[in-house]
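Each of the next two complexes has subunit A plus one more chain, namely subunit B in the first and subunit C in the second.
Let's turn to the complex of A and B:
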């Protein structure tokens, strides 16, 4: 980071170039080039595991353990064909469908219940709101493992083991404080006049929430939806505890079957399944990266 | 900064309470007050049910269970502090689990945050082109906790895997990290450091808010890069450092799925991936010792609470808030 200050000064002074022409490889260009190369190398290192995974899906199973290089000696799509058969008598599409059902339902529940709670915290004044807000912030830091045992006992008593209820019910009850907090922060940034005008015109809180607030906080809703989808899609612990029949497994638990069962015998299928499970997330990321990065950034700065 | 937001709600409520009203409105003021409360509790209803039914209630029940012996089939049997005493005096697996978890948290988190800050400063050097790098670095944070990545990580660090192959170019032979008692924790730390993107994005957003004039003024005074970093960058970023430190420390204590996948749920080799939450899970769901596992959960909760308390307490002396920027 040497000389960072002077570079900034030069940034602003474009006219300087006109006054005194310099050689093409001036100091600024060289620094930029070094900057670019350093970051490109770093990117390559960071992304390499994913590249390796992609290439490994085209290696025949027999090559694992011998050819650990990037490029397969005899590229094949056998792994993908094999993986379609699934595992434990359940076809692969079923795991995808299960994951999609859980993730979509969880996302709807999270966004809806978190937005409602956030509206109450940010815009309605009633007794107890301050205490509840503090409690909500407290749960932001609460280790999830403190509640898993009683929750398990409870869902067991309610006869909900091996159903999706234990995975989805908490999402419809705004238990993930991260999203409530994100939306509260966003709502606070919206001028009160916007919704107070509606209230003066006689709109109740339900109308104000539905037709004024929700449209205004759309970016926060989208960010929350994407995060909620990705986190649920990746979630391992909850389905590991609650889902017992293979035909109800979401992808992470199905992957675990591959991982446990195969030493090197069918490594190709394990790798291909792992990659397929990541594809939806990577696509989401490519499309929505701006929302995600902005969402993370505001989390740390506001508040 | 988390407490400060809580304060703000209180202030809001206080300010608005004695709002001036016209005479005819005053008649219905009580009624309006009622309506507000009704709306408030209505909107908060799902959260309230979740908070009491799925968080606070279970927490208290778990506290009770931690003083019992309970296997799901017979009713809980009160045994006082036995679980806690056994944890700290008579369970080498627990001691081992605490040890590796602390190493993981106390070594991994500073490295991860240092990497995040370093790369953020590098990215902040220039705006054009930085967006692509920022996104690439952020990607691992999104997928890092997934089963797929754990499987890849195990393959990458296996005997003769890509990592070993690369190291052998420099004449270092390792023969696989996963089965190696000394190297499996460093391997897990590397997996955590690989996910430096999320704190990096937060650092970068903080860096963008540092006024450039400060650096320019420091340049005029002839300050070197180290001096500028220590006297400008770090103090201006202190609230962001605080936030990242708090979240990353607490998050690191809860590492679970990657340890589970990498060790096939065993916590091996020799208990070196038997991280705290994995051991807790095994005690509860493999051995059916719900009381014992609940005691573990409460020890974790207390440790996390102490860390948060100490950070908040000491933050007054090292975190500088820029009031106007919030």
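Let's turn to the complex of A and C:
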């Protein structure tokens, strides 16, 4: 805190010195400059761990105890070579592929099923809609840990352990109340006149949903897809519970296999694998982040 | 037995209600198996020779996974009718998953097991009594009575110790040499403290002689055992009172803090997860003797050897040390193929070929049959020699850790770090530990 305070003071005095001779530096520009510098410093602080991670991937494993600094003493790419070799006969790309399969399938399922459920809640007046809606919101209050064991028993009896079904099936059944709620709110902001016009033209619910609703709630769909993808990609607990074969592990579990408190831990390989695992999600976010903001912002205005 | 069946039926009901309309299969595989083969009292059924599949789970890193893969391949070559599917995770995740499976009725047939969970799982009837298989599927020639006794909870043998380790003290000869101090030559805890102070002083504060040893519950246990007590008795009562614990924590006071003779807690936090000893910042560390390989790995190539000496003596001639299983192998009570599962346990615990693959990765093998397949060199030989050298200090193992021991061990460690930071007084720490014990032991 004090550090940041010092910086402010320093730049205030800079401003005095610079402003006098050049009218080019009007008050507005100087304010912008100060903001820019302050934000740059904050960004640097926040991003430092990530930068450290990147540099650490080039440290040999034995250097982790002795050199906590940023720059490796003896840079090496051995960590990446080791990571590419895979774990216990399973190549690294396999974990990436598993993660991608799960994340993509889960995203498709979530978006599709949540949109349909949301349409029903927002536009169809069926018996008990209020109770069902409350129950759906209620599931948001349930911590995941409460349902782990009952869910495990269910899937165990269904003989689905060590398959991706326990991870994907719920996604296709609109169990993610958060997304359903997000879309319901979005749909409520869309004028009913649109549906009614469609109905006059003879469209049923399926047609109204497909041709009218889906295109209109696109921002909400994109937002849900992005969140769903990132959450599934990073999910650790569910795959841990349901996947037993190492060749089916997704990345978050594979990342921990280089560490073992009871014998040796390969920190070099851990950071290298972590960094590689970060790259796809980082790219994904960079590409889609503007949709993300658009989706949430529009929803806020209309909802 | 009855409990297991009751629980099963309950689960079936739960699953039915939740997933009505979908046909249930009885169990994960082979629903036609003889139901009497499951449960702890069935025991002793011979292997059928039919094709069976076993699930096997262990914790460890990529290195250990490779070793298990090789060993399992050997096993499947020897018994072509048995297929073993193995799965592995890191230690915390391994137990998280086991806890869920235990509650949900899906434990793997064979598991690498930890001492601290043995009582909990055994008392809940989740582990198969292996006694009927001893001397049959599981050869006992290489396993001493003392070793077999480790895995006995109540009157059932629910685990076979794979390997053992003993409490010891690692030293860093290279650091000692540059400080110009002799290796710790044995003596009392006070002698150890002055030796630590000497190293710290001689190196000008760059290197510390050691870490405040009162942060580890094992050092407390060693002292209590020397006085003829246990840390915890079989009935779950503690073998010490407030005054004894306060005395123990007080004794470490001059090793703690910024100007203590040992490394400060602040410094240790900075280098976490690497240990002070692994960062070449301390010259000695009291720990389990199988930690050596890990330390060498952390220290890196510039350090090639470690010293391994006996911990300080509390009472001369006392049997204060013991062999602790660094891990055991257990079989799930709900396995459908108990005989084959026992054969796998036997192979992983006794086979000389497996011993040759693992070396001391899992600790010093408990089975002498397995040891025959091994060549001891370097650190492995050092650990074996060390355990032989302290043979007259080795007593019987204490009672199998009580349920919740892990929680107490962790609480002790946390209080140790807080004492190191100076954020808690010894008096407060003692009362906190006793109230935690109250919660854990009386629940």
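Simple rule for what comes next: the second predicted complex is superposed on the first by the 248 of 303 C-alpha atoms of A that agree within 3 Å, B and C clash if a C-alpha of one lies under 4 Å from a C-alpha of the other, contacts with A are read in each partner's own complex, and residues count from 1 in each chain.
Simple rule for what comes next: a residue touches a chain if its C-beta (ideal position, glycine included) is under 8 Å from a C-beta of that chain, and two chains touch if they have at least 3 such contacts.
Remember, it's a predicted structure, so these values are computed and weren't measured experimentally.
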First (subunit B), second (subunit C), both or neither touched by A:241: both
Touched partner set for A:197, first subunit B, second subunit C, both or neither: neither
Partner chain in contact with A:256 - subunit B first, subunit C second, else both or neither: both
Comparison of subunit B and subunit C by subunit A residues contacted: B
Which of subunit B and subunit C A:35 touches, first, second, both or neither: first
Partner chain in contact with A:287 - subunit B first, subunit C second, else both or neither: neither
Which superposed partner A:88 touches (first subunit B, second subunit C, both, neither): second
Touching partner for A:150 - first (subunit B), second (subunit C), both, neither: both
Subunit C-contacting residues of subunit A that also contact subunit B: 65, 68, 148-150, 152-154, 156, 237, 240-241, 256, 258-260
Complex interface listing, subunit B residues touching subunit A: 1-6, 9-10, 12-13, 16-17, 36-37, 39-51, 53-59, 61-62, 65, 72, 119, 121-123, 125-126, 129, 133-140, 142-143, 145-149, 151-153, 155-156, 160-162, 164-165, 194, 198, 201-202, 204-206, 209, 212, 215-216, 218-219, 225, 228-229, 240, 243-244, 246, 250, 253-254, 256-257, 260-261, 264-265, 277, 280-281, 284-285, 290, 293-294, 297-298, 300-301, 304, 308, 326
Residue ranges of subunit C touching subunit A (in the complex, touch as defined): 11-12, 14-15, 18-19, 22, 24-25, 28, 55, 57, 59-66, 68-69, 85-91, 93, 96-97, 100-101, 103-106, 108, 270-271, 273-275, 278-280, 290, 293-294, 297-301, 326-327, 361
Subunit A residues touching subunit B - in the complex, by the definition given at the top: 1-9, 32, 35-36, 38-39, 42-43, 46-50, 52-53, 56, 65, 68-70, 113, 116-117, 119-121, 124-127, 129-130, 132-137, 139-154, 156, 169-170, 172-175, 180, 184, 204-206, 209, 230, 234, 236-237, 240-241, 251-252, 255-256, 258-260, 270-271, 274-275, 277-278, 281-282, 285, 289, 292-293, 296-303
For the subunit A and subunit C complex, residues of the former touching the latter: 60-66, 68, 87-89, 148-150, 152-154, 156-159, 161, 237, 240-241, 244-246, 253, 256-267, 269
